[in-house]
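In order of appearance the chains are A, B, C, D and E, and numbering begins at 1 in each one.
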Amino acid sequence: MSEIPRMLIVLTLICAACALLLSGVRSMTADQIERQILVNVQGPAVEGVLEGSENDLIADRRDVRVDDRELTVFVGKRGGDPWAIAYQTSGVGFGGDVEVIAGFDVTSDEITGLRVVMHKETPGIGSKVTEEQFTKQFDGRAIEGQHAIEPDGGDIESVTGATYSSRAAAEGLQKAAALYDEVKQQVLTP
Amino acid sequence: MEILILVITALLIKNILLLQYLGNCPFLGVSKRMDTAVGMGLAVVFVMTLATAITWLVQKYALDPLGIGYLQTLAFILVIASLVQFVEMFLRKAMPALYQALGIFLPLITTNCAVFGVAVLAIRNEYNFVESVIFAIASSAGFALALVLMAGIRERLEAADVPAPLRGTAIGLITAGLMALAFLGFLGVDNSLKALTQS
Amino acid sequence: MSYMRDFTRGLWDELPPFRMVLGLCPVLAVTKSAEGGLGMGLCVIFVLTLSNIIVSALRRVIPRKVRIASFIVIIATFVVIVELVTQAYFYSIYTTLGLFIPLIVVNCIILGRAEAFASRNGVFRSTLDGLGVGLGFTLSLTVLGSIREILGNGTWFDMPLMWSSFEPFTFMVEAPGAFVCLGLMLGAMNAISGTRAS
Amino acid sequence: MKPADLIVSPGPHWHSGARKTTIAYHTMLALVPAAVWGITQYGLDAVRVISLSIACAMLAEWGFRKLVRKPDSLADGTAALSGLLLALILPASTPWHMILIGNVLGIVVGKECFGGLGANPLNPVLVGYAALRITTPWAGHLDFDLALINYQLGYPLEFPLAVLRAKGATALGQFPLGQLFLGQQTGGIGAVGMVWLLIGGLYLVLRGFAPWRIPLAFLLGSFVTSGIFWLANGELHASPLFHLLTGNLMIGAFFLATDPSSSPVNRWPQLIFGFACGLLAILLRAWSNYADGVVFAILLMNLCVPLLDQLTVKQRHAPRAAVPSALNPPATEEGAAS
Amino acid sequence: MLEATLFLLLLGLTMAIILAIASRVFYVWEDPRIIEVMDALPGANCGGCGYAGCAAAAEAIVSGKAEASICVAGGFETAQMVAAVMGVSVEAKEPQIAWTSCTYGVGDADPIYTYNGARDCRAAALLYGGSKLCPIGCIGLGTCAKVCPFDAIRMGADNLPIVDPQKCVACGTCVRECPKDIITLTSSTHRIVHEYSTDECTAPCQRTCPTGINIPGYIRAIRNGDYAEAVRVIKEKCPLPLICGRICPAPCELECRRILADEPVAINPLKRFVSEYEMGTGQHIQPYKAASSGKRTAVIGGGSEGLTAAYYLARLGHDPTIFEAMPELGGILRYVITADRLPREVLDHEIAGILDMGVEARTAQVLGRDFSISGLLEEGFEAVALTIGGFDSRKILRPGADEQPLAGVRLMFDLLDAQARERPLEGGRHLVIIDGGLKGLELARAARAEGTETVTLVTHRPADDLPSELRDYRRELAAEGITVKWRTRVRGLRGVREKLTRIDYEEVDAIAGLEPERESAPLDTLVLAAGRLPELVIAHEPIEEAPQAEAQPQSQAPATAGEGPAETDEPPAWDGRWRTIETFRTLPGGGEMGIFTPPEPGRVSDSEAVIKSILSGRRIVRGIQQFFAGEAIASPPHPVVEADTVLDVDAVHHVATSHRERAPLPHPTAGTENDWTAEEEVPGLDEEAARRESQRCLACGLICYRKDVQEEKALF
């Protein structure tokens, strides 16, 4: 009956060796993976809303604490000075959360743009909120304001047949705007 | 209603087999005869539900707190393989009749990517425990449904004059493709039902 | 000569998805594009070759009863490595393949080769076998992916191939197209090898 | 080799004793009024689609059978019938490549790969149509509102089911039922000539070329289901009669669901099959992404046919449940002719 | 990093412990050998063993219900592995493969109806047995290919199954599923001893040929230019192609279907052509030979029948030794047939080929003088075949005329001779005379008068055919001590050493379905009216079974044969008892009756032609093989008899007429026309003519034939 102990030992050892190997690979790749996610998931959106920045937006990100949660803020700089900030919020859409990144001009307190980062809306219907036709409505709006879609009494035109998705995007923007003052304060004070 | 939508989605609209491409090897292998298809379907329902429940617990109470989510693949497959073996031994002792019916399919399930896939999907879709279990039941039922429908068609094809090069797996794949085509008819039903509940 | 054979066997006689008809799920799922097919193939070559090597090296150490479990753990380890590495360095492939990278672990081809070949043969031969079968798998997937991408999207490795007004036949990249396309290719392969045989 | 006089072919064999070929030609005959109505509406465009579609279907069958070295079977007329049926559910402006691909897919993948006439598990016409329908970039060509925008026909050029989808039942006032019945609505070339389809369908049923149970159960199924919806919410859902008189429902019930090899053979399965088709068609119309769910409803029920057929065989305690219907005593066509 | 390692370590450990505990808690005792046997079995679940899959078979093997060698699919290797698990031993079996017999595809054969139904032969066969006019033809819907669990069958271009011999394991699934019995399992052994049945597709020529050579087969090979293959095809049924090619009367050519169009194909000249091709190579084309079975056999007589028997015994691995009275082998072929008809170098080449196959020959050995039957049996030969044919029946050229070929067996000629010279008949105590005539009665009376205790007259003829003295005075004769048995034939003889002890009779023409009446009686002298004891095989009589064997001769003989002396370690003590084994000679109840048939006037030997002696030689081998294998010695279920016309074709259509190729006239000696000496050999066909002639063959099946045969002028 020496078989069962042997089985146990071999299997356990293999597991342990594998785990060791994996944790090594993990620690080697962890930073790169985080960066990849930022570049690929949020990168294009951040670039979009902070268009005209001269710095490396991903590298110059900052983590701030607002309302007891971590928030990664991307800071756009021109001539070495921050001119705009962008960060991610979400609204509840039709198929789940609609994650948006909103950019704000810290000099003029205007919205520089809104991009949808992630969503699970119906392809071809709700997914139209990612299109420029919808998102460009937010460009240049003053941060103070309602930012609601038409059916809710606002002035933002919702995508035909995708009221929920449109509302979610707007909701994301509203949340971001609500955080704006505090974030701005934290980012601009070094 | 949410649960109903979840079930319909997993069963028909995003059928793991036909539209998510999971579990095709056993699908093509055991869909030649109706009785084996039914046996395999039952075995998959049984194992997939159990596996998803256990892996969900492993994820939430071991991997997440420890911050070692990257070991998900390794941990899950280990759990599933052990589970299948455990179930086999258990059935054999406790329910010999059931073992006779399902026994030969159990080893096949270890390498059934649908079981693993559903366990991972339940985590990726951020379902809670109850949702995960229901998702697993519905997905496996979808697997069983596709398997049984396929077996019905393939038993008929036995007697058909299928061109020689297409016989066997090739025509099985084509049949699966046409089944997937038909199932695409359900596209959008989940959203309509969701809209129905929200309005 | 027989070493050569270990290598070339996977390229025609035992060409994985067509001859062995194994590992179909990734074949269907990731061949929406040539890039996906090639990426998946490379991942499989990596996992298959390395797991073949390790399994072959440990074949006398592992007790028979925990054979399968050990193989799975070894394979899973390499799969996780692939998962981490692609995520870190080949992000677009990582997103294209999605769920199907972890699913390599249950790809019957890999476990099948470990069980059928590596656990019975030496390290060198197992390496050749892994490379050969993996290469065959990669070629098949790339060809299937190319066909589906060109017809279903009008592009090849994301390069536009068709005229500007081309409306891609997206049936090909949908699930039904995947099944039908693979079925017809399998039929064509059978027809070709049938002719060769006679 | 001297040709044999006796021809044995697979079931089902209608009691009329007609050959398969005869059935195909009679079905085409029954479709003529609807096709003519389509031609009067859309003129040469309809002629183009119909003739191209028939040609493509026949070419596909001839070519594939040549490829696999099987005797040519164009003469049985079923390929031509497939082409005609596909043309009749397409809009008159369908571009040529869609007609070609739809027919090739339908005939080759949907029928010939399975061994040809009598072996196809799904209706080849619907396979071809569904493949075109799920191809998103081509959906615009099949969207009647977009496809038929350049025609002037003297009635609202909006697809009634799309209107129902977008605006609910209250917006359907522009479609009087009488007008719908007479075929004055947009849709597939031949799919909307309701009165003509009904005439053709009744001809087939009365002559015994199509089993009456399937169309009857189909119409009943859709009537009952849409009735329930209508009673539940009359503002959102249209009346049963509106549903019966729009889209592909009529052509589906009489011509598409009755394809002999993809529909059940026995009585009860035929009734269940027809009813379920009707039910699913209305459900999909209400909820799926497609304005008209008839095509997918029939396809889905086609998949269930082997199970439905087994259902009754078992009841009869027939020993060979798994063996296909062709093992029922093979009726010899010449011999059965009376 | 630490928690990851620890986690997996713990997870692995937990899983392993749970499984280890579970394997204890949920332990179900199962004979561990079942799993081992399962592992040894191929796992194809083909059902070839008769059990529902490999698991069931493994259980059956372990529980002792099935033998270790039950798996046909796995072959000998698997059987050995299983046997190793079970601790028993198995013997190698000759590999078998599936063999398809139909040669005409659906497209080439005449149909009775066009079939468009379910693509399954079993379905199609329900209606008039399939769509072919030919009742035994392949339906061609490929059910065999579909059911083959080893993918060894594919359907060829003409819709006939093609078996891949590499993949086929003879599991028998196709044989079970084929509704037309097109496919049979066969091995070389099988084919050597095979007799055609009406269930098989045979060409008219093939059916007419006494040995059943696959004539269309070898002509096809010639057409393809594969002469070696042609020789191999011939040697499957006839080991003497060179000789037959010259002196065979070629009854096949009389039945050639080509006669309906023009002239028969030159079947025999073609055979001569390929056999001369073989001779020209200076080598012998030797077909498959089985490994030695460890059994030795003796063949008494080295004529065509004995050579044939020895050749096939050698191929079956039964180590034959020929005992020949004359100084050289060949019998009538050598000592009767003239050298101009059969040149001696041809004969020598042919005989050399047979010896080459592993046949030992002892010449100048006379039965009764230099050796005896019991002596051979004692020496270790397990079966002794008597093929002393025409020589013995005529008592010519036999040195030492007094010796009897077989103790106690005498010719009526001897007795009549003795009677004429007024010498004692020496009828012994129990005399059996095989004769239904008055001469026999006369001898019987004389023997009675001499003091013989019982005299029995045996004839196969019915009472109506007998002289009234025998028929009507049976009771009176019985009172005289003379028993008359009509409609009776001798089934076998028994003896102890050099003495006959018993004779077994059997009723002929038994009513169908009834067991023929059987009887056994003591005997010491057997008198043959004429002829000889053809196709007689003598073997040890199993000692302990002897009394039972008398009671149930038919079923006992084969059953005990399998447990013959060779299988035990020590050679059993032999008390000298032997018996004859009845080989398949003729059809029960009709046709030729061998020993009982009086010779026809003018018949030189017992067989009219060499081809017939080859047939009887092969049939002896069939009997011996069945005897060694422990099978019942019997004719095939539906044998083809000469009179059989299963389905005949009375006209051929679409066949272009052409003339039969003839051998070129031998070149005339100078000055005179057609003047060649007898020594100068008549030449055969040259290659060009042979290839042309082979084109003329219609490659007939049972009722099919090539309908597009053209004279292919552009062949060369």
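Quick notes on this structure:
Following the convention adopted for this analysis, contacts are C-beta pairs under 8 Å (C-beta built on N, C-alpha and C of every residue); 3 or more make two chains touch, one makes a residue touch a chain.
In this text, all values refer to a predicted model and were calculated from it rather than measured experimentally.
Between subunit C and subunit D, the least number of touching-chain steps is 1. Between subunit A and subunit E, the least number of touch steps comes to 1. The most distant chain from subunit E, with centres taken as the mean of CA atoms, is A. Centroids of subunit D and subunit E (each the mean of its C-alpha atoms) stand 64 Å apart. Rounded to whole angstrom units, the spacing between the C-alpha centres of subunit C and subunit E is 55.
Separating the CA-averaged centres of subunit A and subunit D is a span of 49 Å. One finds 59 Å separating the Cα centroids of subunit B and subunit E.
For subunit D, residues that reach two or more other chains under the stated contact definition are 109, 113, 115, 118-119, 131, 134, 136, 323-324, 326-327.
Touching two or more other chains at once are residues 7, 11, 14-15, 18-19, 22-23, 26 of subunit A.
In subunit E, 4, 7-8, 11-12, 15-16, 118-120, 123, 154, 157 are the positions where the chain touches two or more neighbouring chains simultaneously. The residues of subunit B lying in touch with subunit C in their complex are 18-25, 28, 70-74, 77-78, 81-82, 85, 110-113, 115-117, 120-121, 124, 163-166, 169-174, 176-178, 180-181, 184.
Per the touch definition, subunit A reaches subunit C in the complex via residues 3, 6-7, 10-11, 14-15, 18, 21-22, 25-26, 29, 32-33, 36-37, 39-40.
Across the interface of their complex, subunit B is touched by residues 68, 70, 109-110, 112-116, 118-119, 121-122, 127, 130-131, 134, 283-284, 286-290, 293, 295-297, 299-300, 302-307, 310, 322-324, 326-327 of subunit D. Residues 21-26, 28-29, 68-69, 72-73, 76-77, 79-80, 83-84, 99, 102-103, 105-108, 111, 174-184, 186-191, 194 of subunit C are the ones touching subunit B in the complex. Those residues of subunit E that touch subunit B in the shared complex are 3-4, 7-8, 11-12, 15, 18-19, 22-23, 25-28, 55, 118-120, 123, 141, 146, 154-155.
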